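Look for chain A in each of the two complexes below; its partner is chain B in the first and chain C in the second.
What follows is the complex of A and B.
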């Protein structure tokens, strides 16, 4: 039931949704300036949103909860950083390396976990994720150890100065839009339909003749590759790669914000989750160092009351204000998907 | 119903916007702001408390004396957290609060990131709690300053005294850059001094709280002394367990870098398990202004967690006071002018026996360092009186000579 909104196969791309997404992010810098908030926050939202969209290929589409996804994100970041240490650089090289690093890391982990499901899958990914973290922390010569690799340079593709906040934001936005488009195509391809079938019932999918382990491996690899890409952008963003990029807390954050955004039932949901998470982290932590406590409260509230995350919460609030007319022409696809509260076994 | 809802929402928005506007307006006009990124959580969380007290004291003293360049001084605080969080917060402080400079705590990883941030943004950053050598060598740059003593200075001050304690030594090393650097430097000094044989090294992962296996290994190795290069809350846990296992009865425990906070956490009685400790500052050091500083601290913080100012309060205090004074001397908040006013400046009221020198070559703040024994609690004059002075290491004697420093900030 839920699946249809996320990846009913061969659906036409929701051009309107993509355009409104682009529109929202295109004017975001103006809104942030009006609110006296740094544009770097917007850039971070984009990067984390890309990470969350990648992650949701596993969680939302395939129904696999990975708790070690920071490993792929961090691999991308370190790929860029290490390449720069050895004199390799340039926007294309950096991004391709980040993508490949996430892909290879995911392939390594995926080969070992592709036959697992449920709690075993989750725990194994957690353990492998921590192994990546320990390697980054201890291999001082390559990774810079605890201090990580700092002092990275942002490249200058097409003569653009990416050190400029606004240029960098729109550059990241361009990559983000392309990546999200590709992810949409993948999750709505025949391949994506098999992933959705695995989410619904893996055993039944096997009886249909699909080698589900291979499809799961495929999902992990695609997810890892785009996570790596996000990690590479994050290395540019931070001018550095840190062991914390690979830490399990980062893995946990991505699960939380994806759920918060309603990733289980909505393709665009993780973007909302990323915006709320990064925004809350920034704004609440300016008032109290216990921001995690308050964020935890928000998370518990949303997830217990609205299992499909913030889009559902918003839609329900809206329907309280207006009489329930159910305008399906809601501004974003995220909100549109929300009222659809069917649960898949 | 809907209508009133809309109106009140608009009202709230308008009021909010008005607030933002007035706040922004007030900022531009007067106070001189600087950013302080301090550890408020994690293994070094307790240090942030001390650092904040030092900073607040410096700021209130300067404000009471009329501020800097006629402007009132204000601090913007944030949790340093991870390097990534620290630089993100710093970016915001720079853009939103227009801070004139930064001080940062939170260890060497955060400091390395902040140093790099400072260079990129051409803004001054002073690291007030790390002891990592790299901050004055490979990571040093024109915009960054290291206030505490790095590993080489600590080793030069403590190890000649430690060498008198026995013939064999075992190192207990925190397994990350800080621990590695400490042990490497101390090995170098022991070799120079001669007469002490190393019988082993045990590496302790960060965030270790159960040390039973390490303690058994030390017992089996039977060294005359154990040199502890473990920091933070891990160190407190280690001391508790050394006490529990009575390891100190047959083996001398040397702690080249001891924070008062650690001593205070385990209490004066258990503190005596330490045979020799290196300390950056204590109120009993033979300096003219140390006791007066303690009195000001106690007056400002009658209910402080620590009865006497600690190293971390002092380093934070000195970093902020001297930078603000440099701004006053420079007559401007222009970064280049502040750097020029700081470089080669000698600080007479350093709270230590000898003046402090801010070296131009590597931006090391050259300060004295102290070696202490633990005091018998029965002879303590007051609760914070827990150390007996063994020796004063003059800053200029223990610092790596300028000629040997590879860092050359002038070319950057």
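What follows is the complex of A and C.
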């Protein structure tokens, strides 16, 4: 996984990183087949990874911990399902609706929380997130109540049969790559650098003349819109929209897997977090129904030892393996340190 | 002009009144220093002027306009900004990124989401000019975190300059600096005062006396005296206030004043 600081602006897009990302996910179906694991697991990883990347616009880039992000994800899922109830559908329409649903939901919540920081921000997003869940649970006529909206049909863009596992996987991968690229672009834009400034020091940012609440609202809305998009894909994935998609546990999961992936310091980290989370859920739950207990244990161990999550843990592990010759160790350390030290001529 | 004025400015936290009924005028285009023994209310007064605190009573005027309840970002946009005693820069960003964050707003580019931040000529020219002005050219691409304390002080002033202030409030820019660095900073502040209204809170008495046009003395939250450095040095009340605390020596001669 490519290590890169979230806040740093870079002159060139990391083409190599994007190509390796595409490469890994392009061959993943072969690996899964070799391991006799269903490809739906890979598709789920992609969708949750997109959700995590969206979430990290707030957590990693802006430094705001939202505990109600499932509301935006779920809004996207319900938008697709509800539209279909009214005979509205098609791949493009579904995706646009999901994106807009996440955007509008985030705008509503954002307007109420944009002036808050820290724990108040977190608790308010949690509370507002739960309100979305309650609405989905109670508004039977629109949302199907407790059972949700089932029997959803996947669209057939360009005559593709998305009910086919492999076709669906690659279709989701295409959307995922485009969305992640757009998120990269936004994170490394002038707007993104204001978000990085807010993360570093919000009061100081105000003394640069920024109405920081507006930029926080912007970050929430962008993050919510892409979360909604991920939710829309998830509705296709599960042929349904369920109230659980909006539930606070879902919001908690996304925080956990983003931190596990090192989202605070690594742009691509949340993808790794999503892969490990979804993979572990599948693997551990085939042995025990208390999978969350064991996953929680992994999470606590990794995050207490390595605040920057799995990428940091892997880097340490690699450096242990490479230990044998001290000279190479020292030289790689020097190379690694060089960019930080800057250019003293 | 870009002067500041306060009317009966007071702030109260519980039973404590760090600033008590202070009415002063800070003339435009000059270097005004605020001094006083520890706990005199200098920093609180400063925080009231710049909107970090809301006053319990009284008003603040900037350019003749009542800015008492103006939000911080609007004060900055109208040309009033500050630095902080406890260093306040964007630690995780490089020097250039720090300055750019401030510059790009004035170019109306901060809402742009689909381009790189560092490829816009006019912004980059200005970023480079400010970096040069605060003498950090060699440190352009170094993270603020990795700078020396003195360089971070320079960077913080650069951040404030990047907002194009007409009035700049400096909160102890020499704290934590050595003798030599302090005198360099002193010269630098004097230089800034050629184009800007500068308000300075500072403990380094010899520097304050040598560079200020006007000095305001606060004691126990109240305005004790105001005048030129020479007048302030000769003021027996001021001497008493300082001697009373035993913390500072007020130099008797016009130390280093040209």
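In this section, the second predicted complex is superposed on the first by the 317 of 345 C-alpha atoms of A that agree within 3 Å, B and C clash if a C-alpha of one lies under 4 Å from a C-alpha of the other, contacts with A are read in each partner's own complex, and residues count from 1 in each chain.
Here is the rule we use: a contact is a pair of C-beta atoms (placed from the backbone, for glycine too) under 8 Å apart; a residue touches a chain by one contact, two chains touch by 3 or more.
Remember, predicted model here, so these are calculated numbers, not experimental data.
Partners chain B and chain C fit side by side in the overlay (superposition on chain A).
Once the two structures are overlaid, the count of chain A residues touched is higher for C than for its counterpart among chain B and chain C. Angle at the C-alpha centre of chain A formed with the centres of chain B and chain C, after superposition on chain A: 140°, rounded to the nearest 10. Looking at the shared chain after the overlay, A:191 reaches chain C, while chain B stays out of its contact range. With both structures placed on the common chain, the touch criterion links A:209 to chain C but leaves chain B unconnected. Legend: residue contacts after superposition of the two complexes on their common chain; A:218 is shown touching chain C, with no touch to chain B.
Using the contact criterion defined above for the overlaid structures, shared-chain residue A:240 touches chain B, although it does not reach chain C. With both structures placed on the common chain, the touch criterion links A:18 to neither chain B nor chain C. When the two structures are aligned on the shared chain, A:294 is found in touch with neither chain B nor chain C. Minimum Cα-Cα distance between chain B and chain C in the superposed model: 35 Å. Overlaid on A, the two complexes show chain B and chain C touching no common residue of chain A.
Chain B meets chain A in the complex at residues 2, 5, 20, 24, 40-41, 78-79, 82-84, 87-88, 91-92, 95-96, 108-109, 112-113, 116-117, 120, 132, 134, 139, 175-178, 180, 206. Residues 50, 52, 71-73, 76-77, 81-82, 84, 88-94, 97, 100-102, 104-106, 109-119, 138-143, 146, 159-160, 162-163 of chain C touch chain A in their complex.
Per the touch definition, chain A reaches chain B in the complex via residues 35-38, 40-41, 44, 137-138, 140, 145-148, 150-151, 238-240, 242, 244-245, 282, 285-286, 289, 321. Note for the complex: chain A touches chain C at residues 5, 7-9, 11, 185-186, 188-194, 196-197, 199-201, 203-212, 215, 218, 222, 340-345.
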